[in-house]
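Below is one structure. I have some questions about it.
Each chain carries a letter (A, B, C, D and E) given by its place in the written order, and its residues are counted from 1.
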Amino acid sequence: MIGAIDVTPTYYLVLASILFTIGSVGLLVRRNTLVMFMCIELMLNASNLTFVAYARALNDISGQVIVFFTLVVAAAEVAVGLAIIVAIFRRRQDVTADDVDLLKG
Amino acid sequence: MTARDVLDLAWVIPVLPAVGAAILLLFGKRIGEPKAGWLATMMMALAFLASVIAFFALRSLPPDQRHNVSDGFTWIESGGFRADFRFLVDPLSSTMTLFVTGVGTLIHLYSIGYMHGDERYPRFFAYMNLFAASMLVLVLGSNFLLTFLGWEGVGLCSYLLISFWFERNAAAVAGKKAFVTNRVGDFGFMLAMFLIFSKVGSLDYSQMGGAARLSQSTVTAIALLLFLGAIGKSAQLPLHIWLPDAMEGPTPVSALIHAATMVTAGVFLVVRAHPFFEFSDHAGTVVAWVGAITALFAATVALVQNDIKRVLAWSTISQLGYMFLAAGVGAYAAAIFLMIVHAFFKALLFLGAGSVIHGMHDEQDMRRMGGLRKYMPITAGTFVVGWLAIAGVFPLAGFWAKDEILARAYFDGSYALWAVGLVGALLTAFYMTRQVYLVFYGHERWRESDAPVAVEDEPHEPPWTMTVPLIALAGLSMVGGLISLPFTKLHLEFLTSWLEPVLADAPAPEISSFGGAFALSTLALAFAIVGIVVGRALYLNGLNADGTDPAAERLGGFANVLANAYYLDVGLARFVSGPVTAFARLLSVGIDHSIIDGAVNGVGGLAREGGRGLRRVQTGLVRNYALAIVFGTVALLVYVTTQARF
Amino acid sequence: MEAAVFFVCAAVILVGAFGVILARNPVHSALYLLVTLVGVAVLFLQLHAALVAAIQIVVYASAIVVLFLFVITLLGVDRHERLTDPRRFQRPAAVVLGVLVAVQIIVLAGRHWTTGVAPSGRALDPPRTGNVERLARSLFTDYVWAFEMTAVLLVIAVVGGVVLARRSGQRPVRADAAEPDA
Amino acid sequence: MLADVAPVVPTPSTLGFPLLTALVFVPAAGALLALCVPHRRPEVVRAVGYVTSAAVFAMSLFLFTQFGTGATESGYQLYESHSWIGTLGIRWTLGVDGISLFMVMLTALLMPIGLLASARIEKAKSFTVWMLLLEAAMIGVFLALDAIVFFVFFEFVLVPMYFLIAGWGHGNRRYAAMKFFLFTMTGSAFLFVGILSVAYLYARAPGHVLTFDVPKLTDWASANVGGATAKWLFCAFAAGFAVKVPLFPFHTWLPDAHTDAPTAGSVVLAGVMLKIGTYGFLRFAIPFFPQAAVDLAPVLLVLAVIGITYGAIVAAMQPNLKRIIAYSSVAHLGFVVLGTFALTRQGVTGGLFTMLSHGLTTGALFLLVGMLYDRRHTYELTDYRGLWKAVPVFGGLFVAATFASIGLPGFSGFVGEFLALLGAFLTSRWYVVVATTGVILAAVYMLWAVQRAFTGEPDEANRATPDIGIRELVTVVPLLGLSLFLGLYPKPVLDRFQPTVRALVEHVEAHSDLKVPPVSNLGPEGVQAEGVQK
Amino acid sequence: MIAAGAEPIAHPPVDWFAIAPEIALFAAAIVIVLGRSLIRHHPRVHEASLLTAIAGIAVSGLFVGLQWGFVHGDGPYQAISGMVAVDGFAVFVQSVILGATLLAVLLSAGYLEREGLEGPEYLVLMLCSATGMMLMASANDLIATFLALEILSISLYVLAAFDKRRLTSQEAGLKYFLLGSFSSAVFLYGIALTYGATGSTNLTKIAQFLAQHTLLHDGVLLIGLAFLLVGLGFKVAAAPFHMWTPDVYQGAPTPVTAFMAAATKAAAFAAVLRVFVGAFDAYRVDWRPAVWVLAVLSLLVGSIAAVVQTDVKRMLAYQSVAHAGYVLIGVQAATNKGTSAALFYVCTYAVMATGAFAVVTVVARRGDDRHSLAEYRGLAATRPVLAGLLTLFLLAQAGVPLTGGFIAKLSVFNAAVNAGQYSLALIGMLAAVVGAFVYLRIVLAMFAPADDEGAPEGPRITVDRSTGVALMIAAAAILFLGIVPGIVLDFARDATQLLAH
C-alpha cells in the first residue's frame, strides 16, 4: 500500500520544509542557548536535505557537493558557538538566553 | 531768471527747514540753547521768504498758467508706476506754504522763549523744523505719494512732539494714540492711492482730471477712502479721539501742529483731490455732514472743559468740522479761507494759552486762574482779539470766513447744514467767552490763600520773543478777513479768484441776491453775539462762589456726558480695545503658542513616543529578536504569495 | 519499498525534531537531535548520496552531537528548563508564525518544487555505482574555490575557539565596569 | 501671451577673474585662516574677521559697479560655469542678476557689522569662523545658478547658524537652535525632492542630459511641465521656501530662533536668511512653474495676508522686546510674499525692495536690542522703563529704527511695502485691503513697545544704563542711514531690479494664463507714467 | 569505489591574480598566527602583528588597484569556474572594505594597548573577517557568498565577544552568534530553494536562466528570494531584521563596532546588489516593493528609535539601521544609477561610521564603557579638536552639504527619483530630519558647558597616535567626498557592471 506511492523528491522537500520550520520554531520557544543552537542545526539539516533532494530531482551532483560546505560551516559554528556559550557560562553560571539582557532598549 | 525758473527752485522751501532739522539733530547739543532756537526760526523765516518769492513769481504768470512743477528726481518707478520727487507750485500750494511758513515762523519765535530751560531744547527745534519741512512737502507735493510722504512726516513729528515730555506717561500714551489713530486714516489714504493708480494710471495731481471718466462707484470709493485719511489727520468723528490728548505736548506744538497746520492737512487733501469729490454724487454730502456733526459735537464738548488747552483743542475740532462742511458743499475756497484765518486766530489763542500757562507756572486748569488781565496785559489783549475773531464778530477774520461757509451751505440748499453751523457758531461764541472770562476776569482763584505771593511767583508777562508773535497774530486775526471779502463786484474775493485755476472743476455758484447774503450774515452775527452775551452773563465773575461751574450747573448731569466727550473715547476703549486685546491674546497664547507651536512640538512628541514604543519592543531578549526576524519572514512570504504564479 | 523507508524515516526525523524542541533536559534534546541526524542520513542514502550520508553520520552525528553533549556535561547544565515562558506571547506567536511559514512554503511550492534545469555534464551517477568520483570531480573543479574558502573558516574556528576558551589572565580594568551585576 | 519672450541668456564674465567665485571663497578662506590662529590670540582672529568681511564688502561694491544696468540686461551677468560633479550633472555655476545682486550686497554689508557688533563676544575664534562660513554659504545661495549648488548652500547655511544660536545665544538657545535646524531641514526635504524631480523630468525629455542648470531648467520646465505635476512640484518647492520665509503656519521656529540667537545671529538671520525663502520663490518656484504659481497664488496670498495681520497681532502681545521684532519679521515677510505672488512688476519689485529694506531696518533693530541686552541682560519689557531719558542717543536711534520698520515714508520700508501693496492691488484687490491693515498694526505693536521700554521715568537700574558707544554707533548708523537714503532715493536699486523683474513677469505671463489687468490711462494728456510734463 | 582507470581530476586553471587581494590579506593573518605561536613572548610581537596586518592590507590594496587597471582595460571576467568575479564592482567594494579595515586596524591598535587585550589574535580575526568580506564582494556564486558570509560572521562573533572582562561584550557575541547563525540558516535554505528553482547557484547562470525562461510556477523561486532577502537583510541590518544591531553594536568593543558598521555593511550590500540587482534582475517587479518596504521601515525605525536613546553608541547603532535604509533606496531603484549610488553611500558611510566610532572609542576611555550622552557634555571645551571631528562625522551622517554624507544622500535620492520613487526620496529626506535631531543632540551635549550638570569624573581622554591617524584620514576623506566627490562617483559609476560573463 505504502509501497504503491511513488516517492518523488517533492516528498523530501516538503519534509525538509517542515524540519526547517520546526527548527526555527524551536529557536523561538526554547530558552536554553544550547538547545537553541541545536535547533539551528536542525535548520541546517533541513537545508542539506533540500540540497540533496534537489540534486536528485535535477540529476545534478552540485547539490550533494554543497552539503560538504554546509557541514564545514556547521562545524565551525559549533566550535565557535559553544566556545562563546562556555565563556559566558564561566561568568554567569547559566545558559538561559533570557537572562542575557544587559543590552536592551 | 523767469518766473518759471524761480518756481523750479521750489524745492528750496521744504529743504530749508529740513536742513535745519538735520543740523539740529546731529549737532543740536553743541549748538546749545538759544542758538538752536534762533537757527530753527531763521530757517523758517527763510522758508517764508522763499514762499513769498514763489508767490510773487506765480502771480506774475497768467492765471491759467499758474501751475509749475519744480526740479527734482524720480522717486519710485516700477513697471508703469512712477512717482516723482517734484514740487508743485500752484495757487493752492502757494497759499498753503505762505501761511504754514508764516505762522510757523511766528510759533518758532515764540518757542524760543517758551521752551527756555528745557533739557531737550535743541531737539525740540529739530522736531519743529522737521515738522515744517514735512508739512511743506505735504502741501507742495506734485503727486499723492509725495503728499503722503509729508503726511506721514507730519504724523511722525506730531508723535515726537506730543510725547516730547515722554517722562510723563500721559504724554507718551497720547503720542502713540495720535500716531495710531492717524494710521487708521492712512489705511484709507493708501487704498485710495492704489485705487487711483489702478484706475487713472498715475498719482500725479495733473492727471486727476481723469476722474471725470471713472465710474460713479469708483470715484465715490476713492473720495471716501481719501476722506478716511482726512478724518484721521483732521480729527473728525470718529477719529477725533487723539486730538484732545495731543494737548500733552508743549503748547507751541499744539498751536502749530494741532491747530494751525497739520490738522488742516485733511482739508487740504480734500481740496487737492476735489475732482473725486466733485464727480461723486454722494461723497460731498458725506463730507459735509461729517464736518457739520463734528462741528456741533465738538462745540458742545468744549462748553464744559476746564483745561485751558482742551477747550481750544475741542474748538479746533469744531472749526475743522466747519472746513469740511464747506468742502462738502463744494465751497473749497471757503474752506481754505477758514483754514487760513483759523490758523491765525487759533495759533494766537494757543500761544496766548501757552503764555498763560507759562505765566502761571504750568497751571492749565482754568478753575485756578482768573483776573489775569492785570498781570498779563498783552496776553490778555491779544487773547481777546482771538476770542472775538473765532466767535465771528464783525469785522474780524472769523466773521468773514464763517459767514462765507454758512452762506454757501444755505445757497446750496443744505438748510440743515446751515442750521447746524449756526448753532455751532453760537456755542463757539459761548465757550470762548467762558474761557476768556474764566482766565482773565473775575477772582484771582490762583491765590491759595490771602497770603501775598512773592512777586516772582506771580503771573507775569512772557519775554518779547513770545509777545511779538502774539501781537503779530492778533493783527492778522483782525485783518485776515481782507484776503477774501464777499464782494464779487468789487473784486475783493482775492482768495477765491486766486484759487480759481486750481478749482476750475468746481466753480462757485453765483450768489444771486446780495440782500439775502447780507441777511444771513446779520443772523450769524446775531447768534455769535447771543453766545457772547450769555457767556458773559454767566461767567462775569468767573466760577460760582462754591467753585462750581455755572454752565455745568445748569446742564446738570449732561455736563458729565459732555466733559467726557459723550464717552466715545471710553467706549472705544471698552468695546473695541478690550475685545481686540482679548482676541490678540487668544491668537498669541491660544493659537500661536498652543495650537501651532503645539502641533509642531506634537510632531516631535510623536517621534519621541514612537521611539519609546520601539524601545519597549527592543527587550534585550534574543528570542524576541528572532521572533521579529520570523515575523518579517512571514510578512515577506505573504507578500510573495500575492506575487507568485502557482 | 522506497516509500516505506521514506515514511519511516520521516516519522523518525520529525519525532527527533519535536524531541529537540520539546525535551526539557538538554541532554535529551541532544539525543533527539542525533535521532534526526541519523534519519536524515538514511534519506540521503535513499537519494543516491551515499558519501554525504556517511559524512553526515561521521561529522554530524558523532562529532557535533558529541561536542554538544560534552559541553552540556562540562557545564553541568543538564537541568530541566522551566517550561513557563516569562514572555507570554512569545510561544503562541512562535507557533503561529512557524505554522504560517510551513503552510506558506508548502502552498507556494505546491506541486512544483523543481523548476530548474540541471546543467549537463554534472549528472548523478546511476544509483548502484555511487557518486564519489563525480562528487570529488565536482568538488575539485567547479567548487574548488569554495573548497579553498573553507580553509579560512577552519582557521577562524581554531583561533576563535582558542581565544574564547582561554582563561585570560587580564585583570579587569575597573571593577564596576567589568562586573556591572556583581 | 507673449510668445516672443526671448530666453534669458546669461552673460559670461568678461572680468578675466572669477569675481563671483571669489565672493564665495574669500570668506571661506578667511574662516580657514581664522581656524589656524591660536586660541590665545582672539584679537588676531577678530582682525581676520574684520578684514575678510570688509574685503568681501568691498568686492560686493565692485560687483555693483560691474553690474550692467541697461534695460535689456535682464539675464545673469558675470556668469561662470565649471564642472564640479560630472557624474551627477552638477556644475559650479554662478551668476548674478537684479534679484540676487542686492541680496549679496546686503549679506556683505551685514557681516562686518555683525562681527563688529560682537567684538566683545566670548570664544571669538569659533564665532568668527562660523560667521565667515555663514557669509560664504549665504553668498553662495544667492549666486548659485545650479539647483544643487543652491541646495548645498541652502542647507549648509543651517550649520553655522545652528552653532551660532546654540553656542552664543541666550535663553532656551539649544531648543531654539534645534527647532530652527529641524524646521528648515524638513522644508528642504521637500525642496530637495522637487529639485531632483524637475531635473529628471528634464533629463527624460529626448535629447536632454541631466543638468541642474537653473536657466535651462527654467526654460524647459516652464514650457513643458504643467497640470498636476507642476502643481505638486510647485508645492514641493514652496514647502521648502515657505518654512524659510517663514509663512504662516510654519513660522513658530522664528520667534524662538531670533530671540535666543546672539545679536549678530539675529541680524543675519532676519537680515539675510529669511530672504533665502522669498528669493527661492523668485528664482525657482515661480519661473519653473508659472502656471502653477498663478493657480496657487491665492493660497500663498492668503498665507501672506494672514502672516501680515497675524504676525502683527501676535507681536503686540509679546512681553519680550526681541520677540516683538521677531514676529514683526513674519509680518514684513508677508508683504514680500504678497508682492511676489501678485506677479505684477510693481508687486515683485516691492517684494524685492522689502527684502532689502527689512534687512536694514530689522538688522538695526536687532543690533539695538542686542546693545540693550549687553547693558541690562534682559529682553523683558517689564524690566525696561524710561530708557529714552537715560540713553537719549540710543533712544533716538531706536525710535528712528522703529519708524523705519513701521514703514514710514522716507524710509526704505515704505517704498517696498507700497510697491508690494500697489502691485498686489492690481491683481488681488481684496487681499490688499486686508493686508493694508498691517500698516496700522505695525504702528500699534512697535510704538507700544517703544512706549513701554523707552518712555516714562527710568528706575534705578535703567537710569544707570550707559549710552551708545562709538563702536556701536558705527554698526547701527550705516544701516539706518542706508534705509533713509533708499527711502528717499531708491532709484539705484529699483533700476537694477527692473530688467530682471520685467523679464520674470513676462516669463510668467508667457507661460500662464495670468493677465495683469492693464492700468487705465485716464490722464487728461493721455500720457501715463511719464510723470509731469514740464 | 574509484575506478583505477579514472582520469585524474583536472583542476580548473586557478587565476591567482583574481584572488590575490584575498590571499594577501589571509596570508597576513596566517603570518600573524604563526608569529604569535613561534615567538610568543617577544616584547614587540604586538607591533610586529600590527605592521604585518597593515602590510597585508597594503599589499591587498595594491592588488585591488592592479585589478582595477586590468578590469578597466580588458573588461570584467570570471575566474575559477565562474565563482570569482573580477569586475569593477568587486574592486570598488573591496577598496571600501580595505579602507575600512585599515581604519579599524589603526583604531584597534590603540584600543588593544589601552585595554590590555590580546593583540595578535584580534588582528587575525579581523583580517580573516575582512578576507571574508573581500570574498563576498567578489563572489559570483551563492555558495561562495554563503561561505564568505560565514567567514566574516564567525570572526565577528568572536570579535564581538572579545572583551571578556565586560559581560556586555560577551552578551553581544552570544546574541550576534545565535541570531547570525539563525539568519545564515535561513539564507542557506533560500540558496537551496533557489538552486532547486533555477538549477544553479551561480549568479551568472541564474541570471541567464531567468532571462531565457519564464517560469510557469515561480513559488519556490520567490520563497528562495524571500529567504535570501531575510538572510542578507539581517546582515545589512535592515528593519525588521535589525534588532540585533543596537545590542551588538553597543556591546562589542568599539573598534569592532566601527568595523562591523563600515566593512560588514559594505560587504553585505555588495551581496545584496549582486544577488538582487544582478542575478534576479528579471524578478525586479517582485522584489522591488519588498525592498521598498524594508527601506522605509529601516529609515523610520532607525531614526525614530534613536531619538530616545541616551547611549551614544546605541544612537549610532540605530542610525546605522537608518543608513541601511538609505542604501536600500539606491538598491531598490534597481538601476545602474541606483547601484552606483548605493556603492557610493556604502563607501561614505564606512568613513563616517568609522570616524564617529573612533571618537566614541576615545571618549569611552579605559574600560570601553563610557558611552552615555552625559560623558560627552563639555567635550568641546576640554577637547575641541575631538569634538570638532565628531561634529564633522555626525553632520556628515546627517547629510549636511560639503560632507560626503550629503553627496551620498544626493546620489541615492537621485537614483530614487530617476526611478520614479518620489515618495521614497521624500520619506528618506524626512527621516534625515529625525536623524539630524539625534546627531544634534550629541553635538549639543558636546558644546554644552561642562559644568551644567557636572560631567562624571574619569581618566583623562587620550588619543594615541594610530587612532589620531585614523581620525585624520576619516576626516579628510569625508571632506574629500563632500567637496570633490567626482573621482569616487565616477569610480562607483564604472563599477556598476555587476555580473562578469
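By definition in this document, a residue touches a chain if its C-beta (ideal position, glycine included) is under 8 Å from a C-beta of that chain, and two chains touch if they have at least 3 such contacts.
This one's a predicted model, so the numbers in the text were calculated from it and none came from an experiment.
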| item | value |
| --- | --- |
| Least step count from subunit A to subunit C, where 1 means the two chains touch | 1 |
| Chains touching both subunit A and subunit D, listed by label | B, E |
| Pair joined by the larger number of C-beta contacts - A-B, B-E | B-E |
| Chain located farthest away, centre of subunit B as origin (C-alpha) | C |
| Chain closest to the middle, measuring from C-alpha centroids that were averaged per chain | D |
| Whole-Å gap separating subunit B and subunit C, where each centre is the average of the chain's CA atoms | 100 |
| CA centroid of subunit B to CA centroid of subunit D, Å | 37 |
| Cα-centroid distance, subunit C relative to subunit E, in whole angstrom | 28 |
| Sites on subunit D at which at least two other chains make contact | 182 |
| For subunit B, residues contacting two or more additional chains | 604, 615, 618-624, 626-627, 630-631, 633, 637, 640, 644, 646 |
| For subunit A, residues that touch 2 or more chains besides their own | 13, 20, 23-24, 27-31, 36-37, 53-54, 57-58, 60, 62, 66, 69, 73, 76, 80, 83-85, 87, 97-98, 100-105 |
| Listing of all chain pairs that touch each other, if any do | A-B, A-C, A-E, B-C, B-D, B-E, C-E, D-E |
| Sites on subunit B touched by subunit C in the complex | 619, 621, 623-624, 627, 630-631, 633-634, 637-638, 640-641, 644, 646 |
| Interfacial residue positions of subunit E with respect to subunit A in the complex | 143, 146-147, 150, 154, 157-158, 161, 164, 167-168, 170-175, 177-178, 181-182, 184-186, 188-189, 191-193, 195-196, 199-201, 246-248, 250-251, 309, 314 |
| Subunit A residues within the subunit C interface of the complex | 2-7, 9-15, 17-26, 28-32, 34-35, 37-39, 41-42, 45, 48-49, 52-62, 64-69, 71-76, 78-80, 82-87, 89-90, 94-96, 98, 102 |
| Subunit D residues touching subunit E - in the complex, by the definition given at the top | 83-88, 148, 151-153, 155-156, 158-159, 162-163, 166-167, 174, 177-178, 181-182, 185-186, 188-190, 192-193, 196-197, 200, 203 |
| Complex interface listing, subunit E residues touching subunit D | 340, 395, 400-402, 406-407, 410-411, 413-414, 417-418, 422, 425-426, 429-430, 432-433, 436-437, 440-441, 443-444, 447-448, 485-486, 489-490, 492-493 |
